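Two complexes follow with chain A in common, the first pairing it with chain B and the second with chain C.
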Partner chain A sequence: MTPRHRSIVWSFTRHSLLLCGAAFILLPFLWMISTASKPQTEIFTKSIHFIPHSFALWDNFATAFGKANLWRFLVNGVVVTVSIFLLQVLIALPAAYALAKLRFAGREVLFALVLFCILIPPQATAIPVFLLFHKLGILDSYAALIVPFTISAFGIFLMRQFFKTVPDDLIEAARMDGISEFGIVWRVMLPTAIPALTAFGIFSVVAHWNDYFWPLIVLNSEHLRTPPLGVASFRNEEAGTNYGPLMAAAIVIIAPLVVAFLLAQRRFIEGITLTGIK
Partner chain B sequence: MVAPAFTLMCLLLLGPLLGVIALSFTDYQLGSPQFSWIGLANYQDMFGDRVFWLSLRNTLTYVAIVVPAAVALGLAVALLIESGGSLRTWYRTIYFLPVMATLIAMSIVWEFMLHPQFGLINGLLHGIGFEGFSWLQDRRTALYALCVIGIWQALGFNMVLFLAGLVSIPRQLYDAAEIDGAHGAWARFRLVTWPMLGPTTVFVVVITGIRSFQVFDTVHVLTKGGPSKSSEVLIHTMYVESFEFFRSGYGAALTVVFLVFVLLLTLIKSALANRGVHYA
Partner chain C sequence: MAKIELNGVRKTFDQTAILKGIDLTIEDGEFIALIGPSGCGKSTLLRIIAGLEPQSSGEVRIDGVQVDGVRPSARNLAMVFQSYALYPHLSVFDNIAVPLRMRRHSALARMPLIGRLHPERGRTERGIREDVERVAAQLELAALLKRKPGQLSGGQRQRVAVGRAIVRQPVGFLFDEPLSNLDAKLRVHMRAELAQLHRQLKATFVYVTHDQAEAMTMSSRIAVMIEGNIVQIGTPAEVYENPRDIRVAEFVGSPKINAMPGVIREDRGLEVLGRQLRLNTTAAAGRCTVCVRPERMELGPGPGAIAGIVTHLEHLGAEAFIHVKVDRIDLPLLARVSPDQQLPEIGSAIQLGFSASAVRAFDATGKRIDVTAPARSERVREKALG
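Showing the complex of A and B:
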């Protein structure tokens, strides 16, 4: 075999293997869209076909929106994820600035604590935080969904690493201009940190939009349900009978993040794999 | 400046962490007016409970299947993507999709695909002459079906980490290996790629391991640990005990077991990282 032939054979092998894998990865997405486009009679049949004979996607969306309060779930998802992110930034940025640029007693201990807190899995603190919220009487509220995540040790760590790279001269100049330390955080440090903050924002929003464990524990009321809880409860009510609308609802729930991802892939991959740089 | 962050860290992370350990030595139940220290009784109960051992065994099985598969496939896909020039971004996007898509919604899709009568999987199996399974309703297959979903979801994340690792390998090393007589893809992989990916691989294995120990979403939505506890896993048992039966003390003891495993993985990671898997 000449090298040219070999490279054609290899290229063929590479694409066939990758396409097989891609088929496995895409299968659930294709089947979801296909099922959401089929009328009931075509769903409950043993013959496999991906393209529906009669197109029922809009009917299924209408049924899904009629039976489950999907708009409400999406709005809840936005309220919760945006609030979490804003509060995380509000709390983490001053701490990150202090840990990176200020000298004070106990700084090293505090930073060690931050590193330790990154390792605590969210399931580990669930019972005590639940009991605390029960005592405070704030279970089953937006606060219960948001408050536990206002502190992000990972956010503090990440922003601290970034702030370390900001030159001290910039801060000195701001101090000369009479800007307060808090002013420096928001008016000098924040603008330099936009790329890091965007990546962290994506990381945070994706994690909390998709979170199921904590909302499941603290929520009872239907009107507070986040997207994953909403689609899960819709499925429980329609168990095994109404797959068309159910798949349509699944599309609605995953659409915001998937569309955002397709539009800004690099940023999303950067954000989601942030944990990879630890 | 650090006061708000420090206060919240104590209140929402460190305090609860100590709290859960303390709670595991009590018989506290939500709603009961008093509780008492009962020493190791929760742990004795736990070690005497068949469900705990099933749950632990299933969790370890899940980890033992998902971690090697998701790591090996993630590496394979990353290598295949890197080895050629065309369609890179397309493949990367496709393989990363499951990481983005809300797992609960996709679990429901998988449930329908695994439907015994009208599911796609059994339909395809019938097409090539096989008898299908009631995947999620059969105690022989339920856990393995969940493993497949776990691998499907974790693969793309690992691929991206490996891609980042591959990009950072200096080209000269391959040239040097070539001069030293390393011809062929396998020799290049064994002599350069694999050792240089050491730190990345350790990290990917540990993070996939920790995430697999946390498996909950798919179990809760698809099987509730059944049939007859065949897919019961640690965090699901903890959830049921703590938040359905409100046996907070016992749930805390289960949490501590979970923490021990996560800690163990973290220790393995730092031990390996310090033992010179860095070749660069």
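Showing the complex of A and C:
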């Protein structure tokens, strides 16, 4: 074999392997879209076929929107994830600035504690927080969905690592110019930290948009449900075994993230490589 | 305009003394250069004056007022950093405008979005625009106002940093090696511009550098700092000609001064490398170091001349340096000669001498000792050796 042949063979194997991997990962999604496009009669048949014989996607969407308040779930998802992210930034940035750039007794100990907090899974604190919220009487509210996540140890850690790389001179120049310490956080550190903040934003929004565990614990009312919870309840109560509308609803709730990803693909990848986390 | 006084300023970082009692009075409108080897505490001292770092003890006064606990921005000093420290996300215009905005706008008017509705904001902003444009014109930045710092050359960034410093008309300027990131040619150019700026503003300039050419050419006085002490303060000529300490003699001047081991005899006579000098001293007998600047070394034979071998020649165009290896000294002695004369071959034997007035002698602790030519030879140019 000539080297040229060999490279063609190699590239062929490589691509077929990648295609298999992609197919494996994408199959459930394709199946979801396919199911969402089929009428009820076609879903449970003996033969497997991807392309529906009669196209019922719009009917299924209509049924889904008719049976449950999908818009409300989406709005809830946006309110909760955006509030969580803004509050996380509001708290993480000053904290990260202090840990990275201010000199005070106990700074290293505090930072070690922050690192330690990253190791605690949210499930471990769920019950105590639940009991606390019960005492405070804020279960089953937006606050219950948002407040537990406002302090993100990971966010503080990530921003602190980034702030470490900002030169001290820049901060001292800002002090000479008369910018206060909080001013430095918002006027100097925040604009230089946009890439890190984007990365953090992606993780935060994806994690809380898709979160199923915590909303399931604290919510009772239907009108507060976040998208994953909304769709799940759809399955249990509304649609029964009617999988067509259920899958249509699933498309609706993952659509915002997919669209956001396509729009901000480059940022997304930059962010992931920046933090080195997959 | 400000007079800056430092009294017994000390600074320790984790038990290490960095500044060991600095007393320094900087007169109003003076251009003082602070020079010293790397790590001697120059930046630390500057940051203490600026208020960015608290001193461990001692006091700083600006115009007679003690400024402990006064915030950096309230001291009305401006600082230009080695890295320029421009705000990377702001345009040149905004970079220069920041100190004015922080001063002239009320906190409310500075708020994003809401601030725009503030009634006073428009008028103040027009005043700021005028001032920024005036400074930009002065520094030839007018065409660059819309650019971001990342789109500027080193020299342009440097000018923006200066612009940000002068725009609010502070009483004093603190420069921390502002030219060290520029190439040699631009550095000479900016040197002239900064000196010009000082003449124009008549403000107090404190200028940290370890480039002595900058210090010698720009400043009215030089303070030489070594290991956390100011060892000598004086005019550039004074510091160069009359170093009070051997470390000053060795630090100031490039190439370095020639140092030769010597002895002060019981009869007050001075010997170098075993040869008697026609010089006397009042200092106590013991070891000493005899120093002579390269340009004061003279080539050629003579009684008692120092013999050596030429090891290296440096031809710099306008001048040439001859490195001469001499017995009993590790470093070669340097002689500066005019390049139009015939330079000796590398490896050839050569003889060196110097005149009595060229000798700067230091005792074993490094302190300068006075030497006098004996009464019988009154002529200053009388040779000490050779």
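In this section, the second predicted complex is superposed on the first by the 264 of 278 C-alpha atoms of A that agree within 3 Å, B and C clash if a C-alpha of one lies under 4 Å from a C-alpha of the other, contacts with A are read in each partner's own complex, and residues count from 1 in each chain.
The definition used in the following text is that contacts are C-beta pairs under 8 Å (C-beta built on N, C-alpha and C of every residue); 3 or more make two chains touch, one makes a residue touch a chain.
Just so we're clear, the structure is a prediction, and the values are computed from it rather than from any experiment.
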Which of chain B and chain C A:264 touches, first, second, both or neither: neither
Touched partner set for A:125, first chain B, second chain C, both or neither: first
Which superposed partner A:92 touches (first chain B, second chain C, both, neither): first
Partner chain in contact with A:169 - chain B first, chain C second, else both or neither: second
Partner chain in contact with A:209 - chain B first, chain C second, else both or neither: first
Partner chain in contact with A:78 - chain B first, chain C second, else both or neither: neither
Touched partner set for A:115, first chain B, second chain C, both or neither: neither
Which of chain B and chain C A:143 touches, first, second, both or neither: neither
Greater residue coverage of chain A in the superposed arrangement, chain B or chain C: B
Chain C - residues contacting chain A, complex: 47, 50, 52, 71-73, 77-79, 81-90, 98-99, 102-103, 164
In the complex, chain B residues that touch chain A: 1-2, 4-6, 8-9, 12-17, 19-20, 23, 30, 73, 76-77, 80-81, 83-84, 86-87, 89, 91-106, 108-113, 117-118, 120, 123-124, 126-127, 152, 155-157, 160-161, 164, 203, 207, 210, 214, 216-217, 220-221, 235, 238-239, 242-243, 248, 251-252, 255, 258-259, 262-263, 266
Chain B-touching residues of chain A, taken from the complex the two chains share: 10-11, 14-15, 17-18, 21-22, 24-29, 31-32, 35, 43-48, 91-92, 94-95, 97-99, 102, 104, 110, 113-114, 117, 119-121, 123-132, 134, 147-148, 150-151, 153, 156, 181-182, 185, 206, 209-210, 212-213, 216-217, 227-229, 231-232, 235, 243, 246-247, 249-250, 253-254, 257-258, 261-262, 265, 268-269, 272-273, 275-276
Residues on chain A engaged by chain C in the complex (per definition of touch): 167, 169-170, 172-179, 183, 188, 191-192
